[in-house]
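Look at the two complexes coming up: subunit A is in both, with subunit B in one and subunit C in the other.
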Partner chain A sequence: MKQLNDILEGIGSTLLLLARAARYVGTLPRQFGRFVEQCYVIGYTTMPIVAVLSFFIGSVLALESGYAAENLGPKQFIGLLVGLSMARELGPMMTAVLLAGRVGSAITAELASMKVYQEVDALETMNIPPARILVLPRLAAILVMMPVLGIVADLVGWFGGAIIAKYTHFISIEPEAYFATMRQFMDFGDVGNGLFKGEIFGFVVVLVCCNIGLSTRGGPREIGASVTKAVVTSLILILVLDFIVSKALMK
Partner chain B sequence: MNNSQQTARVGLFFLLGLALIWVTFETLSGGKVFKDKGYQLVAGFESLQSLKEGDEIRMAGVKIGEVAKTRLADSGRRAEAVLRIDSNIHIKNDATATIVMSGLIGTNFISIDLGTPAAPALPPGAEIHTEPTPDLGAVMKQLGSIGKKLETALGSIGDAVNGDGKNPGLFKKIDTLVTDNSDKISTTMTNLQQVTDKLNKGEGTLGRLINDPRMHDELLASVGEIKAAATDAKSFIANAQAIIDQVKAGKGTLGALVFDEKIGNDIRTTTKNLRDISDKIARGEGTLGKLINDDSILRDAQAVMKKASSALDGLDDSGPITAVGLVAKSLF
Partner chain C sequence: MPATTHATRNPFSHAETPAVGVKLEDLCKSFGSFEVLKHITLSVEPGEIFVLMGPSGSGKSVLLKHIVGLELPTSGRVTVDGLDAADETTREKIRMALVFQAGALFNSLSVYDNLALYLREHQLADEAGIREKVMRALQILSLENAAQKFPSELSGGMKKRVAIARALVMEPQLMLYDEPTSELDPVMSATIAEIIATLKDEYHVTTIVVSHDRDLALNIGDRIGILMGGELKFLGTPDELRQSQDPEVVDFLNPKIDLKNPRFKRLETPS
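So, the complex of A and B:
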């Protein structure tokens, strides 16, 4: 019963935080500095790890599908398989997972520390709502940076697959053929679909992490607990939302 | 790290991301924000086989659209595919659509031929001509039955040639025939050889006929004679014709006989008189009639003859003296 109550309280406080942050959208131009700083942290510093992860995800997709197709035959469709999986599913999802681990945990830790060491209280005393200067720039930054991260993930994943497809002895597909099937059967709609999903995942991850950070009560030990909780909640939400959004986006 | 450098990096990063998105978009969708709505055509088929929505439509191998919808039409009597064609493609109204299988794993597309250049283009919503494509299953089935028939036919030919258990085969029969008659055949062959040799050398009638040029000349001469005879015959026939014409005209004796009525009447009168005379004779009238019909004369004559005979007999017996007496006696 207490768990259910916690879940409902979490959902409610998250939505309230979103509503409060949305009230200050007009103040965003005045916080451009903070927005850029968050963009730097969320986008720029996350890009290398997203690229590395996507490269290996694309490679392993090509490798495994090539291994499976070796006896089946349609090896020329590996490009399509890697392209579609990366664009529609793995690109946005793995980026969001990385974001939850790298950015979400950092946000929660920072906000929880501020909450625990009463900096948030101090801001409120000065009539500066934390939703305005702590949450809003981060939400705006993730909305701007997530498509960039998503497209980087897609492209690096595709190229990783292409390299593996060419240099693995039992696949040996030229990059031309690999990309030809992709271009023949794919549409920008598939990529756009993935970017839209990534946008939703990123936004939800940042919002949930901010809320959990700001809801922390107690001492330093609770900071760690909050970070754990934020990452776990983010991962669960990413996978649940992935299913729901994918289903909704299908015709 | 100072603030402006950070801002620049974020800006660069964002622009890079936008550029990547744009490149991907250009590559995959050809820079069109919305899909070309194009126009629709309807293609009716007996069976769409494994054609499904989204399959390509190709004209001469170039993709020009895709299958927008598949449905049953005519209350389920045929299948229809609604084709979405790019708006810049005009399909001639005598073009034909066929379902083509591009792979064994069931990827189909509709192929539309170019049609004739002069034909008018199909308007949107029109129905395109279709040609049924035999699906692989049906083809395989047909091939199987053909194979079976072929096998039976070849088997019976084999039996005829090689023989089954009961009857010797064709080759065997020929073999027996040739073996049994080899002497006769070789004799025949020798004879034939001799005959043809003779023919070649111009011996015998046939040989001369073939080899002697004189024969040819004679033949030509005969033909000339036959020709002359034919000319004579022609003039003869012409004369006969002239005579017949004269007869027809009633000229000459024959003409009078055939065509003069007076003579006909004379003949009739004569015939009648003849008949009268013969009638009288039959009835016994007149001398001739009596002579023929009255047998009393005959009897009289017989009696006289009898008497004479006996008188002569008496003459034989009694010699000349009594003969007189006897004659006298018999006479009186």
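So, the complex of A and C:
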């Protein structure tokens, strides 16, 4: 009962924070500096690890499907398989998971510490709403950066698959054949579908991590507890949303 | 000083804004079952310096937070200039500054940017004007050399002074200080007391100071309240305080170190 109550309260306060941040959208041009800073933080902390991880995911996809294709049929379809899985599912999802671990945790830690050390209270007495200067620039930044991260994940994953497909002895198909099936059977809709999913995951992760940080109560010990809660909540939400959004997009 | 009307002339500009009064009406605050403030009724007049004293843990900081709307009353009401302090729009209408006990400086910003943030966010001046106001406030608190430092590089006393400077640049109508002179050396404490009194004399800012500093209270307070166990044990002028016979008040103001009968061994008297 108490847990259900906590969940409902969490949803309520998250939506309230979103509504508050939305009220100040008009101040974004004035906050351009903060927005750019947040874009940089998100890109800088997440881009390298997204690239590395996507490369290996693409490679493993090519490897496993190549192994299965030995008995199944034409190997050039490996390109399509890697292409679709990366674009529609693994790219956005793994990017969001990494985002939760690298950026989400950092956001919660920073805002929770500002809350615990009364910096948030100070902002409020100065009539500077925390939703305006702490939350809004981060939400705007993730909306811009998430597609960038998603495209990087897709491209690197595809090339990782292509390299493995060429140099693995039991697959060895040329990149031309690999990309030909992708070009033939995939369209921008598949990529757009994935980027849209990523956009939703990223936005939700950042919003939830902001809210959990700002809801922190008590002393410094609670900062750690909030970070754990933020990461776990983000991961659960990514998986649940992944199912819901994928289902909705297939209609 | 020609200022005789009930108006605040801001220390950094020439805008005239009326000073505001603060009223606490039967204010009660509990955290769970723990009653921190019990039926406090108190009125601070526009332009007055009110000093709130009391042992630590007696609820002074909690009381201040009610005035800026950071805590909401369990029952009773707090009004600032007739507006409910619990209402978020009150702080949009009245400029209130609270100097937090621990400073509450923005750790990611330099001292200069800590002071400039309010002016920038509310677009109260261009960068040149901001620079002038910020440097002036830093100068008053002898902090010119700390402008580019970050809060983590400051001593406790310096943080406190930066917090005061940050409140000054807000040109508040109501200024609240939470233990502004703890952690400061005696000379800086006297300086702070002088600043508080000057702001009141010249600009008619309503001021509430929470402090254990007896010298400060008796020298600059128009009225003094003593909070003990969540209740106002004393309320009156400095002269009335000096003449008070209440044993608890006398002991609080002039505690005698008694090695034969140490306090921590005395029987708790039920209060």
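Keep in mind that, in the parts below, the second predicted complex is superposed on the first by the 249 of 251 C-alpha atoms of A that agree within 3 Å, B and C clash if a C-alpha of one lies under 4 Å from a C-alpha of the other, contacts with A are read in each partner's own complex, and residues count from 1 in each chain.
What we mean here is this: contacts are C-beta pairs under 8 Å (C-beta built on N, C-alpha and C of every residue); 3 or more make two chains touch, one makes a residue touch a chain.
Since we're looking at a predicted model, the values are computed, not measured.
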| item | value |
| --- | --- |
| Simultaneous placement of subunit C and subunit B on subunit A, clash or fit | fit |
| First, second, both or neither for A:Q3, with subunit B first and subunit C second | neither |
| Which of subunit B and subunit C A:Y40 touches, first, second, both or neither | first |
| Subunit B versus subunit C as contact partner of A:G189, first or second or both or neither | first |
| Partner chain(s) touched by A:V148 [first = subunit B, second = subunit C, both, neither] | first |
| Arrangement angle, subunit B at one end, subunit C at the other, subunit A at the vertex (C-alpha, nearest 10°) | 160 |
| Residue contacts with subunit A in the superposition, subunit B compared against subunit C | B |
| First, second, both or neither for A:N71, with subunit B first and subunit C second | neither |
| Least Cα gap, in Å, left between subunit B and subunit C after the two complexes are fitted on chain A | 14 |
| Common interface positions of subunit A, toward subunit B and toward subunit C | none |
| In the complex with subunit B, residue positions of subunit A that touch it | 33, 36-37, 39-40, 43-44, 47, 74, 144-145, 147-149, 151-152, 154-155, 182-183, 186-191, 195 |
| Interface residues, subunit A side, partner subunit C - complex | 110, 113-114, 117-119, 121-122, 124-128, 133 |
| Subunit A contact footprint on subunit B (complex, rising order) | 3, 6-7, 9-10, 13-14, 16-18, 20-21, 24-25, 27-29, 105 |
| In the complex with subunit A, residue positions of subunit C that touch it | 65, 68-70, 91-92, 95-98, 100, 102, 104-108, 117-118, 121-122, 170 |
